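Note that chain A is present in both complexes that follow, paired respectively with chain B and with chain C.
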Partner chain A sequence: MRGIELKNLTKYYKDTAALNDVSLTIEYGKIYGLLGRNGAGKSTMVNLISNRIFATSGEIFIDGEPSVENDSALRKVFTMSEHNLLPMSKKFKQAVKLTKEFYPDFDEQYALGLAAKFELDINKKLVGLSTGYSSISKLILALASGADYVFFDEPVLGLDANHRELFYKELIERYTETGSTYIISTHLIDECASIIERAIIIDKGRLIVSDDTESIMAGSYTVTGAAELVDRYTAGKHVIGSSVVGGIKSAYVKGKPENVPQGLEISKASLQSLFIQMTNDQYIGG
Partner chain B sequence: MYIKKLLKTHLTVGTLVGTALMLLCIITVFRFITYQDAKQEIDEMIKDHGVLTAEDKGKIDLFQPALLMMIGGAFGFGAAMYSQMYMTSVQMSVTRKHLGIANIISEALFTVMITGIFLVGQIFTGLLFSELSKDKYEFLSEKFRDTMFDLSLSGRSTSSLGQNLPAVLLLVFLGSILGTLLVQVLARYRGGKLVLALILPIGLTSTAFSVFALLRLKLAAMFAVPVLIVLMLIAQWRMTKSHTIELMSVKAVH
Partner chain C sequence: MQINFESEKPIFAQLADWLSDSIISGAIKEGEQIPSTTEMSVQLKINPATALKGVNMLVDKGIIYKKRGLGMFVSEGAVEKLKKERQSDFFEQYIQKMLDEAQKLGLTKKNIVEMIERG
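This part shows the complex of A and B:
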């Protein structure tokens, strides 16, 4: 079976469980959103899959092979980290050559073409790049890596709106072309909600949801109106969370809207609003 | 395959030539200063007494920092190289096993290189002192040999070279391994920059002086240094195999 499988994955840092008994499958050929609040365990999960850290317990399989210290399995994974791990004295064009050495399917021409689109000076040393261009240099290497599973950890950090749009466009094009799996770990949920096919939401080290984005959103809705009216309507329903501004209340409800009384407005819940409700402390899972 | 790629990435011609030139300059300058001081001291003693008496000879205390610098250089190299190789291997999804092997190879290569540079430095220094009279030259050579740090002076005396070269190679290798170990220990215990700033010079100095003491006791050096190397290599290997991204916290070393 193609895909990455996590089985009962747990990672402790001393007494703190960064990831707690997580089991899920990342299917091949899809774009994933890896979502979670700060410290939820997203980076831990990515680092475990990339063999950067080792699990306290549990297993990871990449295309059926155990990933720990396994060259052939790890060759299928490329991770763009928030930090730059390449020698900072290298020029971008040298970083391209370097990556090509380790990833045989790396597309050098594509990388250089993309650098031109982003107006990245390939003769500039990595140390001299601004925060935005540092992110751009890393995401170009990731997109061109040719790996089957590409992880992006905050790929648009420091990018302006134009560059962010260009990145999303290029990501979709690359995905269409290669059919590889792209996993985006980001806090900018609304921005990438339209390109994410499946979402993995983790909170406090535990897996909350791993499902198609459409299914997650289709299974919930927002009801807005006078607080008293909303409370009456949602009584007995599965309310994920709510917010009140002035006398107006918005409740996020699981299921399909039915028999909606006058004075209440029903709308589709956005992925971001669902995420916020699912990961706040009052979330009632299910 | 990935071992070769890691080495190719980090042991570039520019890095090697740059390091070699830097070390060569430092060693030659330090040797030059040491000899110059000694020569001046001898000249003054001869001026006072007409000849160099046995008492005078006993007073001359030569301090040769060259070997300490070689070990120090290897220490720094070990620390920086491991740190950089680790970062690259993490980004390129290279296993710890390959990283460990590449690191040991780089330590060995650098040991040979650094010792070779030291020998060239010796020859340069010897040439600078070809002006010395035979008796002064022989006295200084003997004095340097007494400290066990003399490899040869301008190639004229080769007897000590064969005797001391294995010990020098081992010590430089040990320095390099200790450098790597320091980074690994700091990484594991999440050493901050302050700790790093304190431990690096302290570790470097204490290592150098322990080695200095060991070397003065020939027998101890013959057994202790190889045993230390084996132990340190085992420790390094075990640390490499279990190393994780926490090494990021000591990025300051490279």
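This part shows the complex of A and C:
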């Protein structure tokens, strides 16, 4: 089977579980969102997959092979933090050459072409790049890596609006060309919600949901109106969360709307608002 | 085209609607090629699988057909087919909604007829 499989993956730092019994599959050839609040365990998960750190218990399989100390399996995985292993005194064009040594399918021409599109000075040393261009240099290497599983860690951090748009467009184009798997780890969910086909949401080291974005969104809705009416309507329903402004209440409800009384409005819950509800402390799962 | 991410309507259905609109209005004519799913997904910033799903909705209805290796084209008779379909949706999509709103505002049947004649 092609894909990355996590089985009961757990990572403890002293007494704290950064990742707690997580089992999931990342299918080959899809764009994923890896979503979680700060400290939810996103980076721990990615570092475990790329064998940067070791699991306390549990296993990881890459295309069916155990990943630990398995170079051929790990060469299929590229993470944006790979960049941190490069000497900062190198110029970007040297970084391109170095990355190619580790990733034989790395596309040099493509990387240089992208650098030109982003107006990245390839003769500049990595250490001298601004926050935005540092992100850009990392995501260019990731896009060009040729790896089967490419992990982006907050790819648009420090990028201006034009560069963000450019990144998302290049990502879609690259994805249709290579058919590889791209995993975007981010908390800027609204921006990438339409691009990701599947979402993995983790909170406090635990897996909350791993499913098609469409199914996640189709499984719930927002109902808005006078607080009293909303409460009457949602009585006995599975309410994930709610917010009140003035006398107007919005409730996020699981399931499909039915027999909606006049005066209430039904709308789609955005992935971002569902995420906020699912990862706040009052979340009532199920 | 703009995708409305807040809409109740799934993105793939919005894309299918937009393509249908373009075909009905003649912006894309029968026999002509439609943009590739890659082009559409890049422009609209949507997942290519979503774009494909929208296009396939129209393929299933015979509005669009695929030519292997060449792309996707608008079928002959697509405009007529789409118009027929839209006409049968007209009551539910427009009339029913209008009547609900009219009731909310306390408009009578006479008021509505007057407005239609004015329009």
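Of note:
As a convention for this text, the second predicted complex is superposed on the first by the 282 of 286 C-alpha atoms of A that agree within 3 Å, B and C clash if a C-alpha of one lies under 4 Å from a C-alpha of the other, contacts with A are read in each partner's own complex, and residues count from 1 in each chain.
What we mean here is this: a residue touches a chain if its C-beta (ideal position, glycine included) is under 8 Å from a C-beta of that chain, and two chains touch if they have at least 3 such contacts.
All figures in this text were calculated on a predicted structure; none of them were measured in a lab.
Look at A:Gln109: by the touch rule set out above, it reaches neither chain B nor chain C.
Of the two partner chains, chain C is the only one that A:Lys169 touches; chain B does not reach it. Touch criterion not met for A:Asn38: it reaches neither chain B nor chain C.
Once the two complexes are overlaid on the shared chain, A:Asn123 sits clear of chain B and of chain C alike. Shared-chain residue A:Glu101: touches chain B; no touch with chain C. Contact with neither chain B nor chain C is seen for A:Asn259 once the two complexes are overlaid on the shared chain.
Overlaid on A, the two complexes show chain B and chain C touching no common residue of chain A.
Every residue of chain A that touches chain B in the complex is listed here, in rising order: 47, 50-54, 69-71, 74-75, 77-79, 81, 83, 85-87, 98-99, 101-103. The touching residues of chain C, when paired with chain A in their complex, are 3, 5-8, 10-11, 37-38, 41-42, 44-50, 104.
Note for the complex: chain A touches chain C at residues 30-31, 165, 168-169, 172-173, 175-176, 190, 193-197, 214, 218, 221, 262, 266-268, 270.
Every residue of chain B that touches chain A in the complex is listed here, in rising order: 2, 5, 8-10, 84, 87-88, 90-98, 242, 244-246, 248, 251.
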